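Heads up, the next two complexes both have subunit A, just with different partners, subunit B and then subunit C.
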Partner chain A sequence: MSQQRLNDILLFALLAVCVVWLVIPFGMAILWSLVDPAAPWTADRLLPPALSFSRWIDMWQNSSLKAALINSYTQAPLAAALSLSLAFPTAYALGRIRFPGREIAKLLVLLPLVVPSYVTAVFFSSLLFQLGLTGWKFGAIVFAHAVLFLPYSIRILIVSFEQVRDDHIEAARDLGAVFWRRWYVAYLPALRPGIFAATLIVFIKSIEMFAIAFIVGSPDIVMIPSLLFASLGQDYVRPNAAVLSLILVVPNILLMLFLERLLKSANPSLSSGKG
Partner chain B sequence: MSGVFIRNVHMRFGRFVALEDVSLSVAPGEFVTLLGPSGCGKTTLLKIISGFTVPTSGHIEIGGEDVTQVPPEKRDTALCFQSYALFPHLSVNDNLEFGLLNKGMARGERGQRIDEVAAQLALELQLAKLPNQLSGGQQQRVSLGRALAMRPKVLLFDEPLSNLDAKLRDQVRIEIRRIQKSHALTAIYVTHDQAEALAMSDRVVVMNAGRVEQVATPEELYHAPRTSFVADFIGNANVIDAAVLGEDKPGLWRLQTELGQLQARSAAPPRAKEIRICWRPEAAELDGTEAQSIEARLTHRSFQGHYTDLFLDKEGCEFRILVPQVHADVGDLLRFTLAPEKIVLLEPVA
Partner chain C sequence: MQMTAKAWAKVALLLAPGLGLILALIGTVIYMAVTQSFGYYNLSGESVFSLEHWAEMLDRRLYFRSVQYSLYIGVLSAVFSVALAYPLAIWLRKPFAGSMLIGTLLKAPLLVPGLVAAFLFINVIAYHGIVNQLMEALGIWDGPRRLQNDRYGIAVLILQTWKNMPFALLLLTGAVQGISDDVLDAARDMGAGSFTRFRKIIAPLSLSAMQAALVIIFIGALADFSFQVIAGPTNRQSMSQLMIYFQGHGRWHDAAVVGVTLMVLALIGSAVLAVLARLLVRGERVR
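Here is the complex of A and B:
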């Protein structure tokens, strides 16, 4: 088989995977979200008989969507910020300080990922009741998400801290830099890609996390995932679920593209290569 | 201009002794090189001088002030790193300006200082560029400029030329020396390259296993090494054991060696009965007619252009000589002369 033919086959396979995994689900979600309530999309039709934004308007006006959007897009950045803040000291210690058992400690920080999120959710819920903090559910969700996704933040930031070059720190000190100037000139350029990546991961995971939002927050706090699961479960309306799915996914894609640009501008070769 | 005084410095990392009782005095405006093989302690000593490492014991004085416990950010030294350590996200201009900003210098003065350094190092056209847009030589010049802009009391170099190719190394070497001289800067330079040390320095400190073997001018080190380590490390040397038989005339010592009896001229008496001696390969003269002539068999010859490297053997004692021109084949017996003043008396045999 020639190289050209092999390339063609691989390209075709990639396109097929993209179609099956991305184009079809997205296409279906878009079509379902635009189905006109007056003309249902029945099984005997390939495409909806009529398209309109009625479902979008209806969801916006008659559901908890506005509150869910505000809640989700407030708690996710807060959870990302809190997770990063909590991860920083641990990542610094594991990335910069040499001590016996460091490699084992690096593995141990990943262990919480094996705990199912429902277990964490139940634990936080019972903790809130025990502490009498049931009125602080929003904060509890933020804190729970930050803790739950801490292993991602720590692991990413450890790698970033390991990328910080000792000679840059020493050069900064040699040139009389005080602590924060050393931080700006030697640490930040190497940490920036890691900070963006950790923020992105925690933000997206937090936006999509159903268990905590449902067990800890309901019924007072509505988040997009709990609304989505309600649409798919107890009051199953497929067009409404499609609208929510798109609302959940589209901002994430935009954020991902935005951070991808930022990551490119923080070219790691600049901070790790010669120079 | 400030001198550096290193007094009885010891440095231990756990059970490993990196430096043992090192003392050294560097005069203001002097260019001193710390030379030695890997692991000899030269970089550790430089880190102690720059303040990144605090010695286990001993003192460092710069300009008459004890700075042993002073951190690098408060020490008036500037270090040129082996890796250049330029901040990759800052332009050349910002790299040069970084230390001046830390000093709290006014904008106008900063600009003037940068222009001055850039002109001196031919960096005017590179000021807006990022370090990764520069060649290795240009990066080295920025690193040097960043240090020079600080106008430190002492300029420190940690093998700054090791990442450059041979031709560029020669150019930058001359440039560093020119700038050091023109500013009369006190400079301490670390290298493992003996050619670099000999070419650049006012004095060279040869280090071995955490100790100072010898401190001398390049010429003195080459022609009058004190130990076989120095003789071997600086250029090529033939080192053999010798027994001192006596003093034939004042300053003329008779020695028994594997090559037979030899005379060596030395104003200082030998340090023991059993010592080591050395001579440089180029010190021998082929077909010599002097009394002190040695006959040995040629085992290998290597043509090097303007001279030929001859490897000889006399009853199991192997050595080499350098001669401008020779008509001899491997296996021939060659006679050469070794003048007494070319033989150097070294340390006692351990």
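Here is the complex of A and C:
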């Protein structure tokens, strides 16, 4: 059998697996979110007897969804902005300055990814208790997310800083550009894709992070993941859980696709206008 | 690389807001966990050094069952994810018509948050879910069966593999694509079959990526909470579940003992997995 034919067979087999892998689970979630409460979807029917947006409207009007959306979509941009601000100086040092121990420092940056997030969440909340800061839950969540996702923002910005071209900086200096002007003309064009990518990835991770929102935030601060968790546990109503799942996953997928395009276009020589 | 005191001060100042905060937060978290497990930072009484919490915990069957169960989930999730990702990474090594689409579809679960994945899965395996409907329609089962919260954590293992295989694929694809055609062609010319080429060339040359995938997936699955609570067996508790149960009941010292055990197991387990992978691959390398 030729390689081409084998690839074709494998391709079709895998596409079939992908249907099971993705289309069925997501298709079921979409259908369940649209089940009309007046006409329940019973086990003897392959498809729901009637579809409507009743569940979506009901969730919007009669649950903590509005508060959860406001909380999640307020804390995530704040965490992204804070993470980026904190990452910037460190990424500059690790990307532009050669010093002994630089490689170890780059590895240590990954520490938050190695320590289990639930351990971090539990003992971060213990720390808040010890410091008497339990009234600052929202700020604590923003701070924890910003620090826990620093590995992403620092590592992305290191790559951007490494790709800033020395001849651009020197040319700007030779032309008499002052410090801020040099940043604007030589650094910023190369850094821009990295800044967008880091902001976006921290934003996405922050929206979907459950451990901190659940351990530190509960029960006062409701976020989308903690609301979804509750709807999968004691308050399990399948259509409601379907609505929440789609609200959590769809914007993330769209943002991630945008992020991938951004990272693919993150060619600093192009963005700085020079080959 | 000679650096003046001023240059060092500049580097330290620049590292402080990023790396400094990471070390401060994670260091404090580890310090809190370790000291609380030995009786310090007591929120409701005197803070004194005590081995009592460890002694009590080590006397509990619940604790050992939880350690055993978490190790089982951690190791099997890592092994299954990597074992599934390898053949796919090798297949996708060279681009062909449709390979981009396949790669994207396979990596799609990376974009799905864990809780959503858990919901999608329990929706499919529910008592009146599509799997039960299909098995009944095909006449394989007489009636619906309870698939959620199964005794052996199979649902959790499937979920962990679904969520983590794409991550292993991402790492392994990069590593496998880095292997030159000349090396593989030379092996083929010398009569090496597909499996021999994998054992003696591909596996050794992608060892670092395999180790990274094994370790990262192992740590995540070992410390799993949400998949276990939603889809796992009801008569077993994962270590994170046990830790959060204690924390929720104000038993911070007990939570700390479980948390420290979790971190130590993550460290030791990762090292053992990485060494085992190396030994296994090295044993197969061409001598």
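Here is the rule we go by: the second predicted complex is superposed on the first by the 231 of 275 C-alpha atoms of A that agree within 3 Å, B and C clash if a C-alpha of one lies under 4 Å from a C-alpha of the other, contacts with A are read in each partner's own complex, and residues count from 1 in each chain.
Rule of thumb we're sticking to: a contact is a pair of C-beta atoms (placed from the backbone, for glycine too) under 8 Å apart; a residue touches a chain by one contact, two chains touch by 3 or more.
No experiment lies behind these values; they were computed from the predicted model shown.
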Considering only the touch criterion stated at the top, classify A:10 as touching first (subunit B), second (subunit C), both, or neither.
-> second
After lining up the shared chain so the two structures overlap, which partner does A:69 touch, if you call subunit B first and subunit C second: first, second, both or neither?
-> neither
In the superposed arrangement, which partner chain does A:202 touch: subunit B (first), subunit C (second), both, or neither?
-> neither
For A:176, is the partner it touches subunit B (first), subunit C (second), both, or none of the two (neither)?
-> first
What is the contact status of A:168 with respect to subunit B (first) and subunit C (second): first, second, both, or neither?
-> first
Determine, for the superposed model, which of the two partners subunit B and subunit C contacts more residues of subunit A.
-> C
Report for A:186: first if it touches subunit B alone, second if subunit C alone, otherwise both or neither.
-> first
May I ask you to decide whether A:140 touches subunit B, subunit C, both, or neither, giving the answer as first, second, both or neither?
-> neither
Which subunit A residues are contacted by subunit C in one complex and by subunit B in the other?
-> none
In their shared complex, subunit A is touched by residues of subunit C numbered 1, 3, 7-8, 10-11, 13-23, 25-26, 28-30, 32-33, 36, 41, 43, 91, 96-98, 102, 105-106, 108-109, 111-116, 118-124, 126, 128-130, 132-133, 144, 162, 216, 219-220, 222-223, 225-226, 229-230, 240, 243-244, 247, 252, 255-256, 259, 262-263, 266
Can you check the complex and tell me which residues of subunit A touch subunit B?
-> 165, 167-168, 170-178, 181, 185-186, 189, 269-271, 273-275
State the interface residues of subunit B toward subunit A in the complex, per the touch definition above.
-> 50, 52, 71-74, 77-79, 81, 83-90, 98-99, 101-103, 130-132, 134, 136, 139, 146, 150, 163
Which of the residues in subunit A come into contact with subunit C in the complex?
-> 4, 7, 10-11, 14-15, 18, 21-22, 24-26, 28-29, 32, 42-43, 46, 85-94, 97-100, 105, 108-109, 111-120, 122-127, 129-130, 144, 147-148, 150-151, 154, 208, 210-211, 215, 225, 228-229, 232-233, 238, 241-242, 245, 248-249, 252-253, 256
